[in-house]
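Chain IDs A, B and C follow the sequence of writing; residue 1 opens each chain.
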């Protein structure tokens, strides 16, 4: 919240590193993972806005991702216009569905809302499977065009290689981070958190909780849609599985392990688990065992039982301990 | 003096049970009115009706001459009525000062979309709200006496102080009428004295108060008028001394169950 | 034409009875402990795998009965283990969201452990009747399915007797209605929690055997029963046992008839559409009573 000089310097340094990363590690495989980590980061940040800050348990998040992906792909493939329009269309249509899904949340909460949102996503997934004329059913859409080239002065990005996608996704992540951070650290954000902590209390201080929920759902869906659209042009293949419950569960696991209700948490969770996932893949090849998801499940359970604040909470706790140790040392008292 | 609040034949039924039964009364501006009655008499339901948490089955509620019956609680709060709850409803994961700052947001003008948009366009400011709001929130915390807890998480606050936080939060919405639901429950005698002083001070600033209380000492000391409910019906209304000795009131308290004053 | 309708209705009843069986466990656990367990369907999955292995070992009639008993036992124990280790520590500590999250974690864990140990290829539970069919006035169905229906109803009946007549059963119902009053009456809450979870999970396990009998057995099979169980629970009212029983049959028939007369592709969406309607119009469920605070 109050950014000190050191924090700002660290952030600046971090951004510089991120910008020159493709020059430091030229390996395409690494950049591919980095792009996926970025896409997941947008997913986790947007889910967290709804779940962590507004307290609405949306288990249909994958639907927004899928809608963004399909929309952008179809716009590019059927209308032949620049994929950047598709990106916006994907985000926009996802936002519209987010708004719709907000309505059940006005009356439902907890498991009831969870099941309704799952139902919503499942129904959309069935539509994707069965509306074959539009979506090619279970086969999905393949051969999705690359992102349309952009020209900056004399330099053109053609998106033939991961590196170009990396920069676009990085820009999207930074934009998403900026927006979500501004949303949550503002009068809007404090209102959402009030709504989360006690809905009736929030109403008693003039918060129109229904409108705030709808707004949160719409914003959350918009960013998830953008992530989906980026995914479509990067992976160049979308299928009904893009909207499956597993995508939602991945998002949720990353957010919880990173730290629900914080800004760093989703980022940490998404990046850490995406890279961990890849590392596990190589381990799996070695062990001939499929343990990645087993580990996910285990980590999720352990996090909730023992590390409720996620990795961020863990670090904060350690920092506190460190600071109080410093303090007692300064006083000269022999502690412990 | 005008009537800031008026109810006309107000009733609320829950299934077959009539929680509030044909209650009509008027509250003059700037007074403190005590709302008393045995347990289950319908006092909190009446507060809920006035604050908009529930809608009336019958009857009308008028605030400053305008009808507010059936309006939602956030609308009613924006019109100038604030309340506290019998079991505190503070925002546990927010800091004490953020609890108050949340209430200071000008919601009469700005809905969520506008606030969200402005948050992005306003660049990198420091934390929620402008520093002007922060000062005002500080002042409120000082007023209720919990300023030194400003950066504590509200959930870490001792129970008695959460009640004060709720009052500060309610005041932050700049109400003209404040509804207090048993603000003194759980307080020891020393704390009660402070509580009475606080309520009187709030009233001195021009805020009308309707207060539910079981602690007779508090009610008798501060109320200008009393209204008594029993089984949802108004059985007495008037100045404290008269009401206190009204045989109907005595009967209501001692007749049903032995509910002794603290 | 007519017999198609009856045929589908019978199918619906059969599937519905299995839904009821699985959902009863879920609603019981919710009623007594206020836990929404998203891993519930995985209990069914474990039960189904138990049956696969038992029947591979002891084929035929005896094998089938044995596998049902084994499933109940194995899943019952699994239920107790998960209750003690995962759910109990959270019960008074955390929020709704945490409960649901941790059960999602359990769901992911169980699903993928099964995949790890048993492989992804679907298995079948061998039919003790060797595909014999039965003919009732123009409708035919397999003996196996009829057995499933009869067995489900039997299990539900036994449960009802247990809950209404036995001391422990009544204690469970009491705790479901009012936890604190039950404790004041001297009921050992810990025992009740363990028992409820064990019974609830065991029922899901048995339901899983039946489910796996009709459909295939594979590691990811738990997702469907979980969702269906939640749909049934919401239809019937969460915590409401009778509602779960009727809700299961209603869902089964609705899916069967809806699938055949409206649209096969969207068969699975029927349940979700139903609960959206129910939640909007009668949130306490079709059979629920107004919640008393």
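Throughout what follows, a contact is a pair of C-beta atoms (placed from the backbone, for glycine too) under 8 Å apart; a residue touches a chain by one contact, two chains touch by 3 or more.
Keep in mind the model is a prediction, meaning the values are calculated, not measured.
Least step count on the touch graph, chain A to chain C: 1. Among the chains, the centre nearest to the mean of all shown protein C-alpha atoms is found for A. Farthest from chain C in terms of Cα centroid separation is B. Taking the mean of the C-alpha atoms as each chain's centre, chain A and chain C sit 33 Å apart. Computed from the mean C-alpha positions, the centre of chain B lies at a distance of 47 Å from the centre of chain C. Here the spacing of chain A and chain B, counted between their Cα centres, is 41 Å. Not a single residue position of chain B touches two or more of the other chains. Interface residues of chain A, counted against chain B in their complex, comprise 1-3, 178-179, 182-183, 185-191, 193-194, 196-198, 200-209, 211-212, 215-216, 219, 261.
Against chain C, the residues of chain A that register as touching in their complex are 51, 55, 57, 104, 107-112, 114-116, 118-120, 122-123, 126, 129-130, 245, 249, 252-253, 256, 289-291, 293-294, 296-301, 303-305, 308.
If you check the complex, the residues on chain B that touch chain A are 51, 53, 72-75, 77-78, 82-83, 85, 89-94, 98-99, 101-103, 105, 107-108, 110-113, 115-116, 118-120, 122, 124, 126-129, 169-170, 172-173.
Listed in rising order, the residues of chain C touching chain A in the complex are 30, 36, 38, 86, 89-90, 94, 96-98, 100-102, 104-113, 115-116, 223, 227, 230-231, 234, 238, 265-266, 268-269, 271-273, 275-276, 279-280, 283.
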